[in-house]
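After the structure tokens below, expect a handful of questions from me.
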């Protein structure tokens, strides 16, 4: 699939005494790229929550390659790497202004009922999400 | 009233590139002291939330006097400065290991219904909280 | 002076279990507006840090009036309220998309040497900053 | 090696609107366990930083299995899984009060010069760290 990219100017608050962006904050950048991509394909994560469902992260795997600091902008690309109706795996690449890779990452997600955190299958509960993700997944497979 | 104190070892994640605890994080330390005090007097904030109420901050005023950094411990004291059934004002002092003041602060709180954020009066909805806070307030007035 | 405004789309990570932006995160929004304003008037905070100086917050005072949540955008205005060569007070207003006030605030800052956190006077060490802030201050006084 | 465990009461600020601990905050819990372990074996990470070196994370991999929320305590165990003089891999298990696994994780670290972020070899620069980690690594291999 086509990658979706956002630009995130580093906030001072995101640095630590090492002088660079604190590593946990990359997960926030990834989430911003992911929710921006979801919006860009015409879906609305907030509506999913309003309907009583949430989509927690079940795995996050980040390779840190080059640090970012205050004054830098993080360019965060995201795409759907895998989707099977139950789990979705997003892949990410974070680059700096020179195009050098600061981090690459993957996060895995399910959708659960908010009241009991039980996973649901998207084809049944969110057919529109399913058909769009099905298509994104095939683009990845053939791209 | 008697002051309630907690010890908070500074986390690396709480520092910024200035090499000290990022100023917004003091509000988290204050909250930890406040909820610890509430627990220590036999009340349970979580129960209040489970009953459909939350207690947002309506004002926070912090004087920063001396920085803290990784390796330091913040000693955070809290007491009830004012209570009138609707609003509660907590006062705080944050000191370092040598007893020197790192920050002093006040936060003001109301209790609201979670569904509409409308303030409620504690004597009516939470009589137990009211009688305890009434007493703490008088101790302050006469202390 | 003319107010400087930035738009900050609320991040999911900035919410808490109350369902709204966690109160400490407003201080981060204020800082983003402040550093953006500084940049817009041709100054560079990062250069100040590279020269061995930092500008810590000595007081932060926030009135919270209306909550913001995920899906909202915070419109953060900032202007110089007071400047005397040693201390600068910035004032802020945070509004939502309907123009209703979510928060108003003030933060006070000094500039200190990074190595010992001793305050310095801007006219002496940063004359360019001084002349610009002097002017901003007069605009406020006469506006 | 023997596992090192710390207890972390969940902070309100660490939750998000999903009502549970925000996933990025687990990385902070892991760091707290890791630095606590380092201290418990007689080493001092702050000294390493004071000597001009820092130890950034090069990979973080977290499996989220069960959510934690305000009112819960996270029990975080950590141990050295691998060490070769250049890279150290720590493994973690986060459990709740009932002993059920909330998350398991691994983080990989190198030590670099703060001024240029170039990796160094511990046997040469920090022989004391090296001999202790060498031993921890062997305990793991034979445990």
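For reference, chains read A, B, C and D in written order, and residue numbers begin at 1 within each chain.
Everything that follows uses one rule, which is that a contact is a pair of C-beta atoms (placed from the backbone, for glycine too) under 8 Å apart; a residue touches a chain by one contact, two chains touch by 3 or more.
Because the structure is a prediction, the values reported are computed rather than measured.
Of the two chain pairs examined here, A-D and C-D, it is A-D that is joined by more C-beta pairs in contact.
Distance between chain A and chain D, defined via averaged C-alpha coordinates, is recorded as 24 Å. Averaging Cα coordinates per chain places chain A and chain C 30 Å apart. Look at where the CA atoms of chain C average out and do the same for chain D: the two points lie 35 Å apart. Among all residues of chain D, those that touch two or more other chains are 12-13, 17-20, 24, 28, 70.
Interchain contacts join each chain to each other chain, per the touch definition above.
Those residues of chain A whose C-beta lies close enough to touch chain D in the complex are 17-20, 23-25, 27-28, 49, 54, 56-65, 67, 114, 117. Residues of chain A touching chain C in their complex: 11-13, 28, 31-32, 35, 46, 70-71.
In the complex of the two chains, the chain C residues touching chain D come out as 12-13, 15-20, 22, 24, 69-70.
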